[in-house]
């Protein structure tokens, strides 16, 4: 049996099949559904481990090509860059599944929720493993569609309105991407992802077209990556249940956009060609503006999830910014942030969900003193927040460090200013929460029962555990950054493959 | 329809536009007609060369029932569908008797007694002539159908006598008979819709007979079934 | 094996006639057998063409031009295959659908399915004398449905296989009459008007087509498509004939502004009939137009005419979609969606037409893209109409604004609706995406940017009406006062199966696309050039 | 002017007139009649063609056959349309096509 061919497919099916079976179940069939979910995500996790071993230790590449159109195949390929997103989604899906089971117990329409949830993971994994542009496009669009039912899951008018906004943005982005992909394929034939890009032969005859296509592709991807001015759907979509916000809107959906940008710049155009076409500076400017704008807006939000959402807007653009800088350190910073941002942000969203569930806290002004009754949750939150700010030795620090190095390498010192400004603002919107949570006076409602005032009353383990786990991972990712299998090492491999002399 | 009010037609603008359209269409069609060759032979020679193999002498009949039998077969299906559609419209499996059966007057009675046999003879003659002169199943069917209708209209029992199965059988006979013969021959190894040369004449006559009967009954069924149900004969709420 | 092309016409006819002859409840057994066999035969025909290439058969053993020939190339097989699969799905659905209509001792009369004219429903029974009902035999809509549906199916196969322009006229009429008879099956007032209008429009279309046939015969002296294609006609008479036939077929295919008859006709019929009309019958006229346009009138076409037809398609997309968004009844919305989707099909004409380089590969790409879109629309639209039928029979209405919250009661129905909607929007992974992808590629390659814009905007407009339905259904507040009637599971399964097909055909399009290449008009053009 | 052209042009004119009738007449019966007549125009053209194509006094039988087939088809459609129209009239009392859209 040719494992290189089958593993990527099994990887897809490990979430697709549970999704399809779950749709056939009734809401009450809790155990069957839960075992399907956990089983699927466990299988996926194991497969991701096997492939990580294969890719990192044995230098293998897993690839499956399936016929699709004339001379156009669907390609699933696992190499270091895809492994980053594959690994991230597999680990986080497993953790989020546990969290979601705890979170959605007894709420209506669970079958629908978990079915679409697994479909979203399938789409994300597909995006991660896409070996050519059309495969990427297919899963990218699939992700847009299958997230919609999750956004409107609560079925309230606000959720439906958010769903409309979401659809409008993502479908609109999809149209731009589709046009870009088709145009590029018409010029270049089927485009597969190759380190360093494979379309430089077009530059002499089709320079302007290539620039326009780049704009279309980035605009289409920028919607999901929430680059200003295409970001508006993200805060709206926070109406969704916490596991959705956590996995999808902190990780899967925005990462799909950011990952797409990384792919387009590195593996479709290639840094050299992108540089030659002068398209990187505009991308860097948009990304920088988004970083600042997101932070400023986050400062102004008092709803916890919305503040986190604007923080996501800001943080995800680090990836685009790093991609737009030429130099190995910047590449390392950009790709490692794919993972780091995901782990840190999901921790924060998990905690936000816990606060909302256990204490009905939605506004940060209500968080005063919550650390006293929920110290573990608050610790996880603190770790996530410090990571976001970039406090050493947490994961966020590593990302920012490499991005800073990269900006020097590529003679763009102004980027340092952006990074510093953003970190200051990160601190400005996270530290007050952390401070209040630990040291603020507990809220009146909790004061009602004086005896319980300092009593520890954490949320159930199914909610707390995942938050602690991801917080731990984000700590380890920073501490063990030098380990051969850390995200950082992986990012260095990725960067080495795509290295060009600046 | 009982409406005797002047019938309003479309307004002047539509009329003018329609006239312009009509004139333009005529212009276009006339150009096409003028473009056609005034002399040509079409498929005349081709048909005449092979008519000996067809089993009949009259060229159109040869084309209809042999060379292009497929057309004819399907056309019987079209008629069947129309009659059937009318039955659907009535939601009935058989047709009613004349609602108020009244005794025909002596003159009508005499006329009917004279005309019915005459019509049947005419029909059979038309059918018979079809092999070597204009005529054939449809003309014959129309005449016999008219006879059935005449019976009905003058108060005799005709189509209403048919049981549901008989009615269906009669409507189906032409199409199904044609199909049965063709399918049997096809199963036994002949090309679909090919007749063994020796039997061609006979097969054509059988098919024509069946079609005649189906055509006659279909016409009557269409006429009778088109009549709305008696309870619904009066317009609901009058005109407009 | 080589005779499967005959059987695929004969079997539905035989079963239709048998169902008619038997009548009553047993007709559905025969109908089902017919559907199963026809499905199998359609599959065999596809296989045969796939393996042995173009199939030609001289009926009655008379060579053309004297006789009529049947011909199955990739395109015919493609559409017969689609008809087979969609037809089987519709048939299985219809078994249960019409069962519920059958008055029986155990059945609550109010449980009868409604076709949803939305107003003034006439009591079906009791307004004609008992004697007329044939004693023991009772009038059953199902008993008439099966034979008519089998005949409709057969006439589609007749159409897809015929290679003779006059025979195609007879086939078209067969199709029209079967469709109208099915529309009026429950003879609600709305259906009668719609059926009458449809019949008149189709009749007018047939007359235009027939006049075209007469002119062509006068000019070329033959009726066989193959011979006509070889004759490479270019004269004025041919051009006029082509125009007449095209207008006639456009009327039957309901291209804007000749679509006026479609929404009422497709929405007032019983659900299995609506599905067949929108998914299959419209494709019949479309198929014939494509055949004639690219094979017979190939050399007579001009860029301006092609662009004009494409323009009508574009207007159809925009107007149809906006009308669909405005509709308050689900079935009407779906019917207007057909108007818009038909517009998509006709964008193929300018793309595959004579714009730019006549030897360019984009022409073939657009041709396959348009046909793939037809395929995807076939499955997706059938699923949508059947889904609407389920909702209508369960809730007793199909008013879009009163579907709130019904997604939790009919999850599979809405899932299928969503999948079918994806296919209509052209979102991957779906068959609609493949069609749209190919057409877009062709438009970009040939530099016809205006069609790119239309194709993309059309997808978003489609999303508009699909999202209206889904967001209503996903609402939390349930807008329902009465418990919905239980709906047989098989109906739901069929809705899902058809939607799933529209998805699966988008995941593996290589083989169907290869099938289309067999005997395709552009290939013959290319081989002629090579010689 | 040859006989062929006279009849051919007459057929063309009849066809155009019938189209005018279909568009402008609102009474269903008249529409149906106009459609039926339109068929006659086509049949006239076909017969003219058959006459033109004659060889040794034998007219081309193929158009003849087409006319015969066409007549049956047209009669069937006409009869069915009439049945529908009568039903419609009985149900509504209208002699013109009406529906929600108000279009004709």
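Note that the chains take the letters A, B, C and D in the order they are written out, and that residue 1 is the start of every chain.
The rule we apply is simple: a residue touches a chain if its C-beta (ideal position, glycine included) is under 8 Å from a C-beta of that chain, and two chains touch if they have at least 3 such contacts.
Fair warning: this is a prediction, and the values are worked out from it, not measured in the lab.
Chain pair with the larger contact count among B-C and A-C is B-C, by C-beta pairs in contact. Distances between chain centres, each the mean of the C-alpha atoms, put A farthest from chain D. A comparison of C-alpha centroids places C closest to the centre of the full protein. Separating the CA-averaged centres of chain A and chain D is a span of 67 Å.
Computed centre separation for the pair chain B/chain C is 29 angstrom, with centres defined by C-alpha atoms.
With each centre defined as the average position of its C-alpha atoms, the distance from chain A to chain B rounds to 72 Å. For the pair chain A and chain C, the distance between C-alpha centroids works out to 43 Å. Annotation for chain C: residues touching 2 or more other chains are 166, 170, 173, 177, 180-181, 184, 187, 192, 211, 215, 217-218, 221.
For chain D, the set of residues touching two or more other chains reads 15, 45, 49, 52-53, 62-63, 66, 69, 73, 76-77, 80, 84, 87, 91-92.
Multi-chain contact residues of chain B, defined as those touching 2 or more other chains: 29, 32-33, 36, 40-43, 47, 68, 71, 75, 78, 81-82, 85, 89, 229, 232. Chains touching one another, given as pairs, are A-C, B-C, B-D, C-D. Touching chain D in their complex are the following residues of chain C: 122, 166, 169-170, 173, 176-177, 180-181, 184, 187, 189-190, 192-197, 199-200, 203-204, 206-207, 210-211, 213-215, 217-218, 221, 223, 260, 264.
Chain B makes touch with chain D in their complex at residues 1, 3, 7-10, 14-15, 18-19, 21-23, 25-26, 29-30, 32-34, 36, 38-45, 47-48, 59-60, 62-64, 68, 71-72, 75-76, 78-79, 81-83, 85-86, 89, 136, 138, 215, 218-219, 222-223, 225-229, 232-240. Remark: chain D residues 15, 22, 28, 31-32, 35, 38-39, 41-42, 45-46, 49, 52-53, 62-63, 66, 69-70, 73, 76-77, 80-81, 84-85, 87-88, 91-92, 97-101, 103 touch chain C in the complex.
Interface of chain C with chain B (complex): residues 3, 6, 10, 13-14, 17, 20-21, 23, 57-62, 65-68, 124-125, 127-129, 131-135, 137-139, 144, 147-148, 151, 155, 158, 166-167, 170-171, 173-174, 177-178, 180-181, 184-185, 187, 192, 211, 215, 217-219, 221-222, 235-237, 239-241, 243.
On the side of chain B, the complex with chain C involves touching residues 28-29, 31-33, 35-37, 40-43, 46-47, 50, 66-71, 74-75, 77-78, 81-82, 84-85, 87-97, 163-165, 168-169, 172, 175-176, 179, 183, 186, 190-195, 229-232.
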